[in-house]
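Next, two complexes with subunit A in common: one pairs it with subunit B, the other with subunit C.
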Partner chain A sequence: MSKRTLPRLLQTPAVLLLLMWMLVPLGMTLYFSFIRYVLNSLRRPEWTTPSLSNWRGFGNYEYVLFKAKDFWFAVQNSVLIVGSVIILTVVLGLAIAVLINRSFPGRGIVRVLLISPFFVMPAVNAVLWINMILDPVLGLNGLAVAGLNEMIAGLKSFPVLGGFFSLWPEIEPISFRATQTSAIAVIIMVTWQWTPFAVLIFMTSLQSEDQQQKEAAILDGANAWSMFRNLTLPHLGRPIAIVVMIQAIFHLSLYAEIEIVSRGNGNKNLPYLIGEFATNNIGAASATGIIAVILANIVAIFLLRMVGKSLMD
Partner chain B sequence: MNKLKTTFLGLSMCAASALTAHAQELTIAIVNNGHMINMQKVAEAYTADTGVKLNWVSLEEGVLREQVTSDTATGGGQYDIINIGMQEAPIWGAAGWIEPLEFGAEYDIDDMLPAIRNGLSHEGTLYAAPFYGESSMVMYRKDLTDAAGVSIADNDSWDNIKAAAMAIHNPDAGVYGACLRGKPGWGDNMAFITTVVNSFGGAWFDKDMRPTIDSDEWRAAINFYVDLLGNYGPPGSEGNSFNEILALYNEGKCGMWIDATIAASFLEVDGVAYAQSPNAGNPVGANWLWAWAMAVPAGSPNSDEAKKFIEWATSKDYIKAVAMHPEFGWGSVPTGTRASTYAYPEFKAAAAFAGAEMAAIESAAPEATDLKPYVGVQFAAIPEFPEVGSAVAQEMAAALSGAKSVDDALAASQAAADAIMSEAGYY
Partner chain C sequence: MAIVAQSSKFGKVFWPVLAWTVALVFFFPIFWMVFTSFKTDADAVKPEHLFVFKPTLENYLNMTENYDYWRFAINSVITSTFATALTLVVGVPAAYAMAFDPSKATKDILVWMLSTKMLPAAAVLYPMTFLTKNFLGIYDTKFLIILVLSLINLPIVIWMLFTYFKEIPREIIEAGKMDGVSTWGEIKDILVPLAWGGVASTALLCFIFCWNEAYWTVRLTTTEAATLSKLIEGNRAPEGLFFGRLSAVSTAAVGPIVVLGWFCQKQLVQGLTFGAVK
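Let's look at the complex of A and B:
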């Protein structure tokens, strides 16, 4: 018996359990994606039980990719949401982290307030935003627009300025549940929730920035922007890569916000599409799931390379 | 995995029942609507009389549907009694997922409103007993219509409804002419839109079950709907369903609302008047029909006890028990199931909308006819409908938002429905 055999034997149960943990659900999804499997059917009762005799080959994939509604739209919308949220959170996170990195009175309280959105549950976040802030009648959005309209109406009766204000059109509040805007609403609320995460990461790594190097730069007469550009930003390369990677993984699986804002109207991603298929057609839902796993892995490979590179430097 | 879970659950249940010997227990999955929540208290008397212990699992509508569908489809056996609606009852009965119900003479099944009874039956056999039922009607502010000098009649024409909405529409004062459902969902905007389509003479499917969403009747109906709600509705209508509109109405922001009859009992605005839904002249009518009902999943080990409980909970005695209960009263009895309920003078006094509700329910016709070859008024009682309905619902919301033209939305709906129906093996 070599030195390594015993440890390996002892590890075996754990490894097997882990394999089962991952492979059984994946294997079942793969199996369902190749057969006809619907929960209920009046015409074809034989499809309601999963069995090899309902083998369908790539039929479910063909249906999902080319016949059913919205697959390509869901992919495109996922990219839009994830991309926008990442760009916005990194830019906002950097700006806020740099701002609160200096010392000022009340810094502790400001930091706690800044970070608190991150601890709100996603569904609560969506409900709060869509009903209390973005609602065009009863929310802040509607109230603000109504107030603005009233103010303009009041100004119209002013002697000189009235002529100017009477040219102003009545402002309509934007509905954030509409097809055109529901993706924007989701981007706003997810950005609000995840900016604190970026701030937190950037803030901690700003603390480790080399102060002597900065002092030297000041002595050499460098301005704030070039110091940020040439010293801070390169220093933050790694944390930015990590923020991008973690957010990309998390936001690919958004569900609650989409459901609450628009029920998929003009705004859905692959998990949401799977949920729609799963009301009856398990075969199609499984096929979409397998495609989503493949796409997510492709994204993960690129991201890991990016992060790996920044870690190697 | 599921089988394993079921076996395990079954084994542990067997062990538990062996221990407790004869004490009977029933697990009941209910939707968390007011009437069902009240039932939990009223049923304490049932437990006292019979010794049957009742375990309630109260869930939100969508979650309940999901839970109950997967549990029933896979034969999970978690529940002895489940709450289902009119969309599921006939299909699940046909699939053998739920047991047929037969009650004694005292139950007086002929007292059941025929429209509700038919909607919960498959080939003449009752599969789910109705707990409460509803239709839809026009609810409007009489003060506003009077001030504008317009009136709304029973089964008015859609042109008149539009004229009335136009007359009372006054966004500067925060009052919108018509509040209608726009939130996408087969039970949300499609419930209302389908009744409009019905009233224009359209239907979901033809006799071969091919979708007919690109027909002229649909085009006329959707153009009318988008025009009415887009011009005289509150901003952000694509986000409004029952609860949102109820809030708007009670804030005094709606002049007219066409929705479920049950809404009338929640309205806190004075001077509300009721009218039967508008119709463009189609016999199917323009109001919907819905009932929450109780059913027994097939193979429940306690099916006899479960049926006895359902017989009690949907009987005349139950309605009286709610009326006499110290916490409730005639205003809280479940309506829309039995003709006898509407005969009580105390009920008529407590519910001003009772007459309009009864008339609306009686005029709805869920049966399959030449005009629409499927069961259901504002839905089709086929397993694929939730999928078809949600897909079309999103297109209709897009048309309402102005993101798509009505023609484009209808074409996309037709293509999506066609894909789902052919995938399901209908043709």
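Let's look at the complex of A and C:
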């Protein structure tokens, strides 16, 4: 047995499994994307079985890219959701990490409370937020606004102040199930879930910061902001890249949250659109899937180049 | 820390209070879910009973009646446990070989593995359904869910294990070889004690990811292998009528995992950042 045989042998099962996982379904998707294939068609029953005689060439791609009305909307919405969540979690994560990067009473408990949302099942996260918190009638959103309105109504009967408060309009709670706001609801719940992750990583990184350098900077009369900009932020470059990469991996395939909040009503991303096509038009679903794979790979190449090098040393 | 010593009296009170406030705000939805689970369905939507109500365990006691909770919970436990085990059985040897005996291709293999994680699930869902329903006959079986869960977690697990294994100093193992320790002894007495912590926290994290997975488990199951994610998704629109019960079943679904997460938060950082944050 040569020196290299054993390590290769140990890697083989993992490599083979992942290779099959990638190639088999992906190959089928690629095949389906070039044929006419629907699950139900009374008019053209021959299209209901996948067969080479239903070859459609790039027809499915043409249909998805230029004729199906939701494709570009879904792409835009994917970018909106992933981009907003990443920006919000990085900014909030940084702020909170700096905030708790000092010793104070109960710091351990604060950490535990802060990290908890990360472990909540996405399905529970979505059900909890959309029904019990954001719902305009029964959720806290609705109850809080109703309470506020009631308070203002009560104040109206006060002798002098009443005149002032009677000018106030009745406030309406925001409905998060409407077309545009449902994307905001998704952004809120995913940000809630992933900010803790950013906090945890930034905090770990902050603790390894060179304290002597900071002390020297203080002696030189640097203020807190310039120290943060010139010392802390560069130190956090790598962790920020990692937070962005991992979140991109997870959020590009976001699904449960979209499904639960709006059932795709006015708010869908690429995975959701594929799911919708797949209820009947497998050809279009597969073509969309291949496009999604290509887009994800572009993002992946970009991200892995960004962090890939630093991971190995 | 010198910097803290310099902060003003105002800062000494203000920043901790702010930190506590932020933490409580972030924890609030979870608190609210647990809190609501002790209300009756009627109380849960009454503004006058928002904070003052008669606590009840009714929702938890009736969980089996209302939701058939145990069937889903048992499926979650079985699939997550076996998937974690399978992932480790495949992942540990691979990560070990890559960390201790890297070749020129090792880096590329690792990056490629991570890139399989970016394969959009939606793109390959239909072929998977097609294959498992029509050809393999394993649709809606625990076996399929175990397989899929371990495949989607394998890249992350290998990365994490690789990170941990790489930190074990090679000198220790070489010193062992010098002293004439056998391969088996090397594994048993040197490697296992050193790698144990890393493997354990990787397993924990893998278990958490399996437990929370929604996309595949919802779509590749109907009744036989359905997990807690499916149970929650199936009850996504309670229309306010069942806030109490829904909260109880949600609490029961995430409670064990959140508590588990508290214990492995430190390892989580180390592992998920692939050791790039020091």
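Quick notes on this one:
Convention: the second predicted complex is superposed on the first by the 287 of 313 C-alpha atoms of A that agree within 3 Å, B and C clash if a C-alpha of one lies under 4 Å from a C-alpha of the other, contacts with A are read in each partner's own complex, and residues count from 1 in each chain.
In the analysis below, a contact is a pair of C-beta atoms (placed from the backbone, for glycine too) under 8 Å apart; a residue touches a chain by one contact, two chains touch by 3 or more.
Source: prediction; values computed, not measured.
By the touch criterion stated above, A:Pro117 is placed in contact with subunit C alone, subunit B being left untouched.
By the touch criterion defined above, A:Val24 reaches both subunit B and subunit C. Once the two structures are overlaid, the count of subunit A residues touched is higher for C than for its counterpart among subunit B and subunit C.
Once chain A of one complex is fitted onto chain A of the other, the partner contacts of A:Asn54 are absent, as it touches neither subunit B nor subunit C.
By the document's definition of touching, of the two partners only subunit C reaches A:Asn297; subunit B does not. With both structures placed on the common chain, the touch criterion links A:Asp135 to subunit B and to subunit C. In the superposed model, A:Glu215 makes contact with subunit C only, not with subunit B.
Of the two partner chains placed around the shared chain by superposition, subunit B is the only one that A:Ser262 touches, whereas subunit C remains out of contact. Common to the subunit B and subunit C contact sets on subunit A are residues 24, 28, 130, 135, 137-138, 146.
Of all the residues in subunit C, the ones that touch subunit A in their complex are 1-4, 6, 15-16, 18-20, 22-24, 26-27, 29-30, 32-33, 36, 45, 47, 50, 90-91, 93-94, 96-98, 100-101, 103, 107, 109-111, 113-128, 130-131, 151, 154-155, 158, 208, 211-212, 214-215, 218, 228-229, 232-233, 235-238, 240, 243, 246-247, 250, 253-254, 257-258, 260-262, 265, 268-270, 272-278. Residues 1, 69-70, 73, 91-92, 94-95, 97, 174, 183-185, 188, 234-239, 247-248, 251, 253, 382-384, 386-387, 390-391, 393-394, 397-398, 401-404, 412, 415-416, 419-420, 423-426 of subunit B are the ones touching subunit A in the complex. Across the interface of their complex, subunit C is touched by residues 4, 6-8, 10-11, 13-15, 17-18, 21-22, 24-26, 28-29, 32, 96, 99-100, 102-107, 109-124, 126-133, 135, 137-138, 140, 143, 146-147, 192, 195-197, 200-201, 204-205, 208, 211, 214-215, 218, 238-239, 242, 246, 249, 252-253, 255-256, 259-260, 270-272, 274-275, 278, 282, 285-286, 288-290, 292-293, 296-297, 299-300, 304, 307-308, 310-312 of subunit A. Per the touch definition, subunit A reaches subunit B in the complex via residues 24, 28, 38-45, 47-48, 63, 67-69, 130, 135-138, 142, 146, 172-173, 175-180, 262-266, 276-277, 279-281, 284.
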